[in-house]
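In the part that follows, the structures are each spelled out as structure tokens.
Next, two complexes with subunit A in common: one pairs it with subunit B, the other with subunit C.
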Partner chain A sequence: MSEEMKETILEYVVDEYMDEDDDEEAGFDTPLISSGIVDSFSMVSLKVFLEKKYQIKLPDDEATPEAFDTVNKICVLVNKHLSK
Partner chain B sequence: MSNIGSYEQRLEGFDWNIAKQILNWEEGELLNIGHMCSDRICAQGKADKTALIWEGFSGEKRSYTFDEVRVLSNAYAKFLQDQGVKPGDRVCIFMEKIPALYISFLGILKMGGVAQPLFSAFEHDSLEVRLRSAETKAILTTQKHLKKVRKIIDDLPLDTVICVEGNPAKLKGEEIFFNVDEAQRVDQFECFESGPETPSVLHYTSGTTGQPKGAQHVHGSVFGQALTAHWVLDLQDDDIYWCTADPGWVTGTSYGIIGAWALAATNCVLDSGFTSAKWYQFVQENKVTVWYSAPTAIRSLMRDGTDLVKQYDLSSLRHLCSVGEPLNAEAVVWSEEAFGKPFLDTFWQTETGAMMITNYPGMPVKPGSMGKPFPGIEAAVLDLKTNEPITEPGKVGLIAFRPGWPSMFREYRNQHDVYASKFVGAPADATPEQCRTADDVWYVSGDRASIDPDGYFWFVGRDDDVINTGGHLVGPFEIESALIEHEAIAEAAVIGKPDEVNMEVVKACVVLNPGFEFDDMTELSVMNFIRKKLSPLAMPQEIEVKDKLPKTRSGKILRRYLKALEWGEEVGDLSTLEDD
Partner chain C sequence: MAFSDKNRAMFAGEIEDIKSKGLFKEKRFICSPQDAEITVEYPEGADQAKVLNFCANNYLGLSSHPDVVQAAHEGLDARGYGMSSVRFICGTQDIHRELQDKMSKFLGMEETLLFPSCMDANAGVFEAVLEADDVIIADRLIHASLVDGIRLCSAHYDTFKHMNMKHLEKKLQLHQDKRTRLIVCDGVFSMDGDLMPLDETVALAEKYDAMVLVDESHASGFIGKTGRGTHEHFGVMDKVDLITTTFGKGLGGASGGCVSGRAELIELCRQKARPYLFSNSLAPAIVAGSIKVLDLISGNPERRDKLEANTKYFREKMTEAGFIIGGQDTPIAPVMLYNAKLANDMARDMYAEGIYVIGFFFPVVPAGAARIRVQLSAAHEMEHIDKAVAAFIKVGEKYGVLGLDKKEIIEKYGM
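Up next is the complex of A and B:
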């Protein structure tokens, strides 16, 4: 799993979904969905970002809250579709 | 044996006073929801019973007895009084589903304030509109959300900002930190002497036109909420009850707090984002017996399949209900397969304050049906042209109710014309009270349905442009107004688009400003612009660029034309459509 991809996605999450003065620091294994950092409606904009950035199509039945719950899990999903 | 016993027998000679009997409430007793959900329960000998079982997303757990809820809500009430908050003042609660939300709600009511809970995912613009409309006096929030409040406070008549969780060192200016756990114990508090018509809760709901409307409820609503919770949710003394709704919306207060606690039920709250595994784990660990959830969540659980269900011991579940949008027949059938019992659909609205048309324990379920009117509720579907009740089975009309049930909203705050427009048959110059009490008046819900030969109601759809996404009503006007603030957008029309899980999601049809092209990054930019300005619910999940939007000759955008195209429906009368 590329470190660059993990960094890019994490940076996007921090920039778009977290406040500058949030006390918590996000990492690759920080829960995103279950913690409420990214809610189920906002998942769509994260999905659009991933699809545009990596030129892939993520099927709705794979873009689940579980699959989007951490940056590491998102990278697994993205890599699966990059290799197709 | 269920609480309701026989639905048919309950219809005979029904009287709302039965709610008072169930609560053992006698005329002359204090009618204050804050008191009835805490002090009164303790006085009935249930002080040590668990009132609240709470779990945060990280696994942190807390539980509170009714006596703890009583004392802590007293502390909130006294603190607000000490800050100069007076009876009748609106006090906003703006936070996640943390214990402070539930307990401060009672505290506000105890001191006579009007509780105004707002969904914590609202961003500053959505928050401002609702605080301005309510002329909110004080807000209870957490450090996480202070930033949104700071952005708008200078333009609002908001006197007091109270932070109930977070780091006190991060507060600015006149913001006050109040940690109820560290506050002085307030064992006795003299509750405000409210009556059945005293304002209690103010919930904002969206309409087709204009900004959101504040539906004002009263303390007397508790009788409707308690009786429906008793008969429909079938809450019994040893139940562990989980209402998954956020109190920023009416289900979260009417049944997530008031109905449940007035009946002394043990209430569970999971403050966490949705994942099926987490929800099943929560049911298993807490041995939840009665589960009140929403079709969006049920369809998400369904998508994850029954194999996941089998990994958990969910045998404690004995009764399941659903609210927020129509529950499709497939979800009812699936829940029988997955949990051994169906989710029972319940229909009601922010304005009705309590369940109106529902399915009942023991009554045969017709999957996909809304069920039958609650005893004491006269419901009909009205002809779309004549407003007369339809007697022909299967014919579609507007769902309407005869006013007079206890939990009915009493006004839209400062919008009497809009309130009056919800009633057919009322005199043109009727006061809100006359709207509710005049002869031959119907309250029209804005939803369409038909009635089958057995008296079951079947939902058809909204009669206006309001979007029901995941059980939350979203007004197109608010989103359109925000969209045209984006530099790329000249005009916008917002409609609902069919969605397998959320029933509908927001779709925006836009005309771009000259010089802008709609590339991938513009789409993402518009989505995030709305998400950060209004809320994730309002964020368009699809944006379609058009050369022009369909309009009437007077320049009004014809959303219904766009919606009909999106849903593959008849576009109807287009005689007012502007010529090319």
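Up next is the complex of A and C:
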């Protein structure tokens, strides 16, 4: 799993979902969905970003809240589809 | 037996899971008409208690207004109990047309179509109007019924940070390749009581060739100088393309909703919106009552002005007392407590003081943003509000939250 991909996705998450005045900081293993940083409705923005950025198609049954819960888990999913 | 012991245990386990997460909704029974003062049986089986109601959507105090009740009686007598039909078969009476026309005039829109509820209006409008190569760009805190409607629609969708115009602009730029764009927001957000900046929103819509849909359920009848809504408040009445709203809150509080807007879009809803096509017409008594509500408030801002004064008074008194009150100058006044248990415990103690309010916490609001949502009404008198504020101060002192800022409350009680 490339560090560059992790950094890119984390940067997107922070920019897309967090505000400057947020007390919490996000890392590669920070829960995103279960903590409420990303809700199930706005998760679509992250999916759209990943598909555009990495030129992949993430099926709905794989783009689940569980698979999107941390940056590390997202990278596993993206890598799976990049290698297809 | 289809409902085997195994099935019963499975569903009972699910209910226990809801309870263990503290998300179980208890039964509460109102044993009087809806009003500022109501009689409640809570918990179930307990003696009835008279309490002041600060959690109804009865913004204009019209839910039990004698003129509205009388009009509903007359509607019942003149047009019957039910239509036994969907609108397009044999379920449209002259009074349905009259209510639609009056609503169009009130909202300043071209045409209006009634739905059984605003939930149904929101479930149907997107699929009726948009195609797969369109995109919906929605505020992240829109009402759950809009979320459901968007998910039922074949168009793409994306979201922007709550009321963040810079982020909305970025998303409008990102989706310029789509056939058309529809910005979706609430006028007044139901949990936070804040107002969508519709002046900036429509300016961006014009710049990037987008349409705008606003859910005005918590605004119709009282936001804006004459109560027409958020679009009136921001001076953009001719620039919003679609409004969805309800007759179940400020506008009488019974039920029913509508989509109002550009004639072509409303016609598409009439032709294609599934909750319109496959659900019964609004009952004549409710239609007649809703017409009376519009007659009462059109050109007479007395109730709307009283609600504004009540709101200002409550917000000022509570802020002076040391509470953090969220949102802007709307009758939705969230008392911010951040911690779910604290919000729940304080709401329970408020009930013991004769004030009916409810704690809200995740997942209804974001984690760490628990609050008691207070809703003001034109039916409240000053002494009602004074009593509620006094009870809040007593309960707030018990929990030691008066004068504390967000950080201090979280330090004391956790998120």
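In this section, the second predicted complex is superposed on the first by the 84 of 84 C-alpha atoms of A that agree within 3 Å, B and C clash if a C-alpha of one lies under 4 Å from a C-alpha of the other, contacts with A are read in each partner's own complex, and residues count from 1 in each chain.
The definition used in the following text is that a contact is a pair of C-beta atoms (placed from the backbone, for glycine too) under 8 Å apart; a residue touches a chain by one contact, two chains touch by 3 or more.
What you see is a predicted model, and the numbers here were worked out from it, not measured in a lab.
Of the two partner chains, both subunit B and subunit C are touched by A:Gly36. Once the two structures are superposed, subunit B and subunit C can be ranked by residues of subunit A touched, with B on top. Shared-chain residue A:Val48: touches subunit B and subunit C both. Look at A:Pro65: by the touch rule set out above, it reaches subunit B but stays clear of subunit C.
When the two structures are aligned on the shared chain, A:Asp19 is found in touch with subunit B and with subunit C.
Comparing the two complexes, residues 16, 19, 35-36, 39, 41-42, 44-45, 48 of subunit A contact subunit B in one case and subunit C in the other.
Interface of subunit A with subunit C (complex): residues 16-17, 19, 35-36, 39, 41-42, 44-45, 48. The part of subunit C that touches subunit A in the complex is made up of residues 138, 140, 147, 156-159, 161, 362-363, 366-368. Chain contact summary for the complex, subunit B toward subunit A: residues 57-58, 96, 121, 143-144, 147, 166-167, 170, 271-278, 300, 303-304, 469-470, 500, 505, 520-521, 523-524, 527-528, 531, 536-537, 539, 541. For subunit A in complex with subunit B, the residues that touch the partner chain are 16, 19, 21-23, 31, 33-36, 38-42, 44-45, 48-49, 52, 60-61, 64-66, 69.
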